[in-house]
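I am attaching a structure below and will ask some questions about it afterwards.
All chains are identified by letter, namely A, B, C, D, E, F, G and H, in their written order; residue positions are counted from 1 within each chain.
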Amino acid sequence: MNWTVYLSGEIHTDWRQQIMRGAEAYGLPIVFTSAVTDHEASDAAGDVLGKENDNFWRDHKSSKVNAIRTQALLEKCDIAVIRFGEKYKQWNAAFDAGYCAALGKPYITLHAEDIIHPLKEVDGSAMAWARTPEQVVEILKYITSKQ
Amino acid sequence: MNWTVYLSGEIHTDWRQQIMRGAEAYGLPIVFTSAVTDHEASDAAGDVLGKENDNFWRDHKSSKVNAIRTQALLEKCDIAVIRFGEKYKQWNAAFDAGYCAALGKPYITLHAEDIIHPLKEVDGSAMAWARTPEQVVEILKYITSKQ
Amino acid sequence: MNWTVYLSGEIHTDWRQQIMRGAEAYGLPIVFTSAVTDHEASDAAGDVLGKENDNFWRDHKSSKVNAIRTQALLEKCDIAVIRFGEKYKQWNAAFDAGYCAALGKPYITLHAEDIIHPLKEVDGSAMAWARTPEQVVEILKYITSKQ
Amino acid sequence: MNWTVYLSGEIHTDWRQQIMRGAEAYGLPIVFTSAVTDHEASDAAGDVLGKENDNFWRDHKSSKVNAIRTQALLEKCDIAVIRFGEKYKQWNAAFDAGYCAALGKPYITLHAEDIIHPLKEVDGSAMAWARTPEQVVEILKYITSKQ
Amino acid sequence: MNWTVYLSGEIHTDWRQQIMRGAEAYGLPIVFTSAVTDHEASDAAGDVLGKENDNFWRDHKSSKVNAIRTQALLEKCDIAVIRFGEKYKQWNAAFDAGYCAALGKPYITLHAEDIIHPLKEVDGSAMAWARTPEQVVEILKYITSKQ
Amino acid sequence: MNWTVYLSGEIHTDWRQQIMRGAEAYGLPIVFTSAVTDHEASDAAGDVLGKENDNFWRDHKSSKVNAIRTQALLEKCDIAVIRFGEKYKQWNAAFDAGYCAALGKPYITLHAEDIIHPLKEVDGSAMAWARTPEQVVEILKYITSKQ
Amino acid sequence: MNWTVYLSGEIHTDWRQQIMRGAEAYGLPIVFTSAVTDHEASDAAGDVLGKENDNFWRDHKSSKVNAIRTQALLEKCDIAVIRFGEKYKQWNAAFDAGYCAALGKPYITLHAEDIIHPLKEVDGSAMAWARTPEQVVEILKYITSKQ
Amino acid sequence: MNWTVYLSGEIHTDWRQQIMRGAEAYGLPIVFTSAVTDHEASDAAGDVLGKENDNFWRDHKSSKVNAIRTQALLEKCDIAVIRFGEKYKQWNAAFDAGYCAALGKPYITLHAEDIIHPLKEVDGSAMAWARTPEQVVEILKYITSKQ
């Protein structure tokens, strides 16, 4: 059986690549999906539909175009990995976690120890909390290929 | 018809009271619900089940006890109002927004203009964005009692 | 048992009042609900959240505020009556019909004979087609109170 | 990942072909589906089951045969594009939009600027509004193939 | 807690009355619902919408008007009792059983021993098979009021 | 796109073969599924689990083993064709129709004109009524392959 | 708001009464529901439908009659408390836990420390684990009445 | 059509291998899935995420990691076979049965005659009870390949 794993959250470090390389090294039967991770392209996703003068509506248009992709991929995935990094608000990652929780879709959080407390609701509905991409790879290996 | 409105998010200002007083002044047919907003009680929600030495598990137990309440109330509400204030990570508020989005439950965000950009995914799935509790009251008045 | 009947569509004649008066005359156990039928108020539903220069966004804000109400009421109703009149595009009425069809919510259409052909998809998923409010009242009487 | 895009609405111009050719030129991983767009064949879809003297029932039979196809394809698609042209009532297009909205299926509207106001409810639940088939192609390219 | 019990099927004997009287004698907290059991009125349910020359369409209109009521009541009930008598095809009773089965709604069949074999699929998805209205009353008493 | 069509009901004539041969002759992209149509094997489906002295329980065991197959295939199909012949009670066919109706699964009935009246509820929820296998083949051709 | 709490599992000690008395002492807005806890009556639930010679079928009939009640009450409850005592297999309690988990219904387990390991899957999907009825009462008090 | 069969429960005898070999010998179109059946690996599933001093939390972490796999596989399977052996509590097997029941997923139990009574609720919602792996193979053969 093939598994689909959605990688959500922080886009400033190479955690996605680490997980994908690790899964590839083990030959795991996983297809990885993700939002568009090119920050500028993501912010401009709706610009082709016409320029907006008001920042709220520019963001609104782009976030809806992005949501066509992200919500479809979240609904099709078997597991989501949701990463919180050190910077920025990352409300979209927490939003994805809530979205998964309501769908009954299992997710694994990936974050450092110092943000345990503000993430307690997000971790409370998660199936696992990992500190490193390597841990995520080991968990995915166990889930998808252990006999 | 009676409406149930869930008030999610920031607990350090009196925005909940402002909305409830405003709705009461208009005599709107609304029952308001909420998570436990006493911060210390909320953090200690699981302590009665036994002390934990490890902070992660203390938070985990409490967040699950709280989730029994919050997820039941979210699922029973007709509308959620989700407030983002000036301080803290507020990932639980974004989590609630994602939870509502996946359930198809309409929500209204309440936040200042300077955090439009980091909230674009949360606002993108919202039915309205308000800047003040008064605006929320006016919207609720229109929805629940306009002929 | 009480029934809830949602009245959707045309707002320029008094068909809603005719149905409600007819139901009242028979003493039917029905609560009627509806979108806001004051055209100007409906178009201005989002104005309290801030003025928009662009008509598209003004309409967008108002239609979302209205949708908080209409989609909640559609989901709570037992039966919808969907009226198509002689004027205007009335795409919102057809939208409500599609919304009901996808939810498996039974609806009755109310329209004149000369628009049978363009309404064939809408009528095809309807449970009944009525030509007059009196017919709707008779059907509702049968459904809700015949032994 | 392959995506399925349902093309709904107006059948008098070649907007479907424009979108399909554009997607093909970019090599997008999209399968396009649609109602039967041959107007006469569509109106006659039920005739094989026996002739009807009454136009209402002829339309009724045909619209139900068509609905076997359209509702199955709508439920299987990842995205719908819903086109409103210059002529006719096009209630079936608005019906499809409402159907998508209730299923939580994302849709993009495609229409000219002069019908913004009568389409405000339909656009209010849409994920994007495009004015040209080229814009739709660009949005589909971004969603289905942007890294 | 109050229970709602839908009584489906045969309309030529007084089995409904026997069950209702039995439940009343025990003071059970049950509301009983049912299709319209006046055969002629049921066949004529759609006549108010206009006469039909073709029997198929007359039946079609009436059965859809009746379905507004029956499907709403089936979806609201806690338990259905489905009665097969000695005469007629009673396909509507078997249809209701299949409808309940797909909804996960528990139903009790009520029929004589000599039709066990043709009812084996209907009984196979039932929660109980009773031979007499008295047995149904005893089962309902146990379910709704036994401590 | 491939379509799956479930053939339910009467097993004493070759209507299934007629439909399958017709679809094959047209090269339609359809996979046909069905209950086990070998009457004796079907009645004995549960015998391998141990003999029963009581006919009710023998039927019960077999009907549940058969239901593992039929309900899975009904839920996976895109369209069901439900056939009522001249003999026997055929309650299982009406049961399947009700099962489809509750799932929102489109079905086509196939039966002669003389049983229109007792089948009115079953036909009322159907998407089409055909009199001959040839008509079914034509409808399937239109739905699955008409451009 | 009123809450409904289903009490599942062990029937040989008075843990249900302890919880109900505790909730009453605090005046909590809770309605408690439960399976029939009279062991003999529960085993005999189906006997009124006719005696069985084979124990498997006697149990089968009774367990289905009981399931009409238990599954309806589980689906209507807001929270389940699932108790594992010292004796017997108690597979029905674990079955109820799995049933709740699949419905997304929150449950609290109540059991001693020495059976943590065999209950790890059941506890893994629980929202809380309590060792005493008093702890359950405190958790219910917090959830249903803390401001 | 291919079928997916999930094998749940006891891990101390080779019943899974017997069923898989039997299915292979018949060439049945079945993919078998299962939880991780290596007891030690299963208990240690969460260890890679960090050691725990408290046995409850070690079990909790591991059971959640295992649940990512088991609940995904249960939701994807067409049929589950749930085995109860002679030893241990096997609450996870009963949990899986309840999980299947709530999802409407058909399952077959596999257990000896002497535990009929404590398994009556689990068997009451099952589609079949088998005593031997050979019986399961015969049932699977009938369901998946009988014409």
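In the analysis below, a contact is a pair of C-beta atoms (placed from the backbone, for glycine too) under 8 Å apart; a residue touches a chain by one contact, two chains touch by 3 or more.
Keep in mind the model is a prediction, meaning the values are calculated, not measured.
Chain G and chain H touch with mostly matching residues; of the residue numbers seen at this interface, over half occur in both copies.
On a Cα centroid basis, the chain most remote from chain F in this structure is B. Chain A and chain G have centres, each the mean of its CA atoms, that are 37 Å apart. With centres defined as mean CA coordinates, chain H is found 44 Å away from chain D. Between the Cα centres of chain B and chain C there is a gap of 31 Å. Put simply, the C-alpha centre of chain A and that of chain B have 23 angstrom between them.
Among all residues of chain E, those that touch two or more other chains are 64, 67, 71, 129. Chain B meets chain C in the complex at residues 1, 3, 78-79, 106, 108, 127-131, 135, 138-139, 142-144, 146-147. Taken in their complex, chain F has these residues touching chain H: 31, 33, 36-38, 41, 45-46, 48-50, 61, 64-65, 67-69, 71-73, 76. Within the complex formed with chain B, the chain A residues making contact are 55-56, 59-60, 62-64, 66-67, 70-71, 84, 88-103, 113, 115-125, 129.
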